[in-house]
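Below you'll find the structures, each written out as structure tokens.
Two complexes follow with subunit A in common, the first pairing it with subunit B and the second with subunit C.
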Partner chain A sequence: MVANEKATENKNISIKREAAEKRELCFEDEACIGCGICEQICPVDAIELGPMGAIVRGELDASKINIDESKCVLCGMCSVGCPVEAIDFTIDGKPISEIEEYPRLIRSISPEAENCVYCGACDIACPQGAIRVMRELPERAKLVTGEIEVDKDACISCGMCEDMCPADAIYLEENIPTSSNPEIATDIVIDKDKCVYCGICKRICPEDAIKVICKACPYGEYEIEEAEVKGDLVVDEDLCINCGWCQEICPKDVFEVEKPFEGELIINEDACQGCETCIDVCPCNVLSFPESSESGQIASKIQKDEKYCIYCGACQNVCATNAITVKRTGVNITPTKSKAWKKAVDSLKFSDEKAGSSSSGAAKAKSEGK
Partner chain B sequence: MAYRLVVHPELCHGCGNCVVACPVNASKSTEVAGGKGPQEDVGLSIIVEDGVVRINQLKECKNCATCIKACPVGAIGLEEV
Partner chain C sequence: MPKHIVSGLNYLAAINLRKEGYLQKEIAEALGMDRSTVSHYINGRNISWDSIEIAEVLSKLCPEDFLKITYTLTKDTTKTRIIIKTLKDFNFRPKVKDSCIGCGLCVDTCLMGAVELNNLKAQIDSNWCCGCRMCESRCPTNSIEILEVEETEGL
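Now for the complex of A and B:
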């Protein structure tokens, strides 16, 4: 039998075998969210999930998974199960996702960019930095209309208008007074691109040297053209993990997200010791420490919002006190005829017999060793 | 590649942060969870004894690194086994 060849570069791992057909598996560490699904689905226990708590907290510089090339049979199940495409698998150069016989996780993000008003909420909320909103605002001068005039003979250059102007539209050219030029300012300049004709300068001026008329207020907005915000919404599907934050936070219903798994996230508050590891590990920002509503009120230990959960199981794997159970009940996947593959897919679903044992390899190895 | 928690007693100042930070310890002893030292051995993971850190047992340790984060002097780490 031809042996597998393993290569590691930085934290990425590749395993390949060239026999009758060429099979190659490539693990990309940066894309990995440390969920441990690959470890769970591997039929030969060749994959071991690293200590994700230590890794995401920067306390250990290591690859998130390890693959034992002597056990790996290059079946491709890890690649199919991976919800973030961190494991590429090819047969004779063709990605397994393009080979019809193999199942494929169904997950997607579909933005309707034409409804986007470029508010930027998705950009801020996306836990993976997969969304960028770029916008170009119209010139302020186009959204106001009015007139402003300074009587420079009456102006005493006190600078109160400059200090008060909320739009930074007034500028005094200061001068150190000398016997030849005994002025404290040589000029007062109004930047009409910035002025919004609010009239504060007129009201603060002790010498009534400024005249301001805002035409928009008395005469309506007929002189003002409609504000046009141009922008661009860019979604990086390679970074997206379908958590649904964008879909939930968008005020314009721009996004539609299909999640790879269904399930339930159960937290046992009595068992939780508040170590924060799950919060640090969760790739979807599902978990947080709630703030107390008022002094003396004890908030719950940990808060979840399952709207954002993809039931990947990363939190359950790192919890040292078994306070979290990710009950994965559904796998959103294309059909397959193969019994072995059906079984592999089903192994990702929650079952009571598995519930007692941890799915983390590190813990498994340890309990066997002791 | 499996990892295991290791301590470096020569660096330890004996502050006990790790003992109370460890979620396994806290789950086993209300005294530890409350920020106090344990009164008896209830199967804690990491302890400070005679002013020096020591690993007691690692059966439930999941290498979450909470103790490592809590240690002010870098006396705890993970090593490959």
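Now for the complex of A and C:
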């Protein structure tokens, strides 16, 4: 009888069965968001979601899921249901995402990099650190035009211009006066790469030793070349979970995000006890507590912005007071000819009869097989 | 002794295959034997009639036992398939329900190589199905039903 082989490395799990074909499942703990969809879709109850609340709060150092290799039949449903590709499944080395018979969640991020102005908002907002914006700014000297000159004979080296210069463009080479060189400075240097010809030095100089002309004012900006910001926008699609933060925050509509699930996130504010575990577990930064208005004041109940929600259900799983319901109404997935797989995909959708029990979907599919 | 039983099984299979119209050469290839041995068998010359008697008893056992014993004796799936297919007494109509998830456990279990997956669903070739029902018992979703049928009609 062919048996499964299980291997665990750190918190990653791999299970394989080698016979007529080689089937292999690899769970990558780092990528897992703890949503529990794998547990829900598994037709043989082989997957158990760990205590996500304790794990995200760092109270427990454990793998986010456990797979019972004696129950797992290596069907691949967990891999197909996983919205973050934390479970890779291959048959004879080929990922099932590339095998047409298997359905595949439709999710994507498409950046139009040419519209990007490298503001960096997406980089800051992305909850998964999947976006990097690198930029190269033009030289400041190329964006100004003017002339500056110090009459070194008139300069008394008082250093007021150095203190006032907003661009740190003036530097006095100081000197301790001696009988052989009774100066307090040996030179005054203007760094023309830094000077913006603002004229403050001229105005502060007690001896009128500095002459500054900003040519941009009298002659307009024709002499100045257009500021060109070069940069690079890099999106790591393996890390992206399609939350849509980049799409919402980008001022230039660079991003288009397709989400794997549709639905509704319902929060029962009366039931919420404010433990914040949902905030810790949410991979999309959908949830937050508002700042309290004054110290000692308890913040009002949890806030959500559903724009960023992927309806993964991680928050619902960790909520100790059942204050959150994730009503998944749609699964964006490529079609399959298998009725059992269609049914499994449908079991991810919310239905009233299985409300309140996360594993009943799989149990239902099993009982129907009998 | 096990070798004798195998030759008994080979003997019965060779006789049956000849009746089905196969040439000696084809029979020799299918069972992995010399042509001369096949010729001997077909002409009624055999090593030991006791072995043939045991082989006959084996072939009348329940299909799962017959299959497992034959495989244990021959240690060869190709030979096992031919012997079982040739000597099985009944025909079977395998049915796979829509609840099949295409996990492939049946494919790995079937010693007859009768199962393959098609569109995430098992497909069982009734020509090769020996009725051992190991796939049925291994199936995690209870999606397989093996029915014994009188004739090959309707398959």
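The rule is simple: the second predicted complex is superposed on the first by the 348 of 370 C-alpha atoms of A that agree within 3 Å, B and C clash if a C-alpha of one lies under 4 Å from a C-alpha of the other, contacts with A are read in each partner's own complex, and residues count from 1 in each chain.
Following the convention adopted for this analysis, a contact is a pair of C-beta atoms (placed from the backbone, for glycine too) under 8 Å apart; a residue touches a chain by one contact, two chains touch by 3 or more.
If you're wondering where the values come from, they're calculated on a predicted model, not measured in any experiment.
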| item | value |
| --- | --- |
| Partner chain(s) touched by A:321 [first = subunit B, second = subunit C, both, neither] | first |
| Which of subunit B and subunit C A:176 touches, first, second, both or neither | neither |
| Touching partner for A:59 - first (subunit B), second (subunit C), both, neither | first |
| Contacts of A:298 with subunit B and subunit C, given as first, second, both or neither | neither |
| Touched partner set for A:48, first subunit B, second subunit C, both or neither | first |
| First (subunit B), second (subunit C), both or neither touched by A:271 | first |
| On subunit A, positions contacted by subunit B and by subunit C | 365-366, 370 |
| In the complex, subunit A residues that touch subunit B | 48, 50-51, 53-54, 57, 59-60, 62-63, 66, 271, 273-277, 317-321, 360-363, 365-367, 370 |
| Contacting residues of subunit A [partner subunit C, same complex] | 1-2, 17, 19-21, 23, 43-44, 73-77, 101-102, 336-341, 343-344, 365-366, 368-370 |
| Complex contacts: residues of subunit C adjacent to subunit A | 97-105, 107-109, 119-121, 140-143 |
| Subunit A-facing residues of subunit B, complex | 1-4, 21-24, 26-27, 33, 58-66, 68-69, 77-78 |
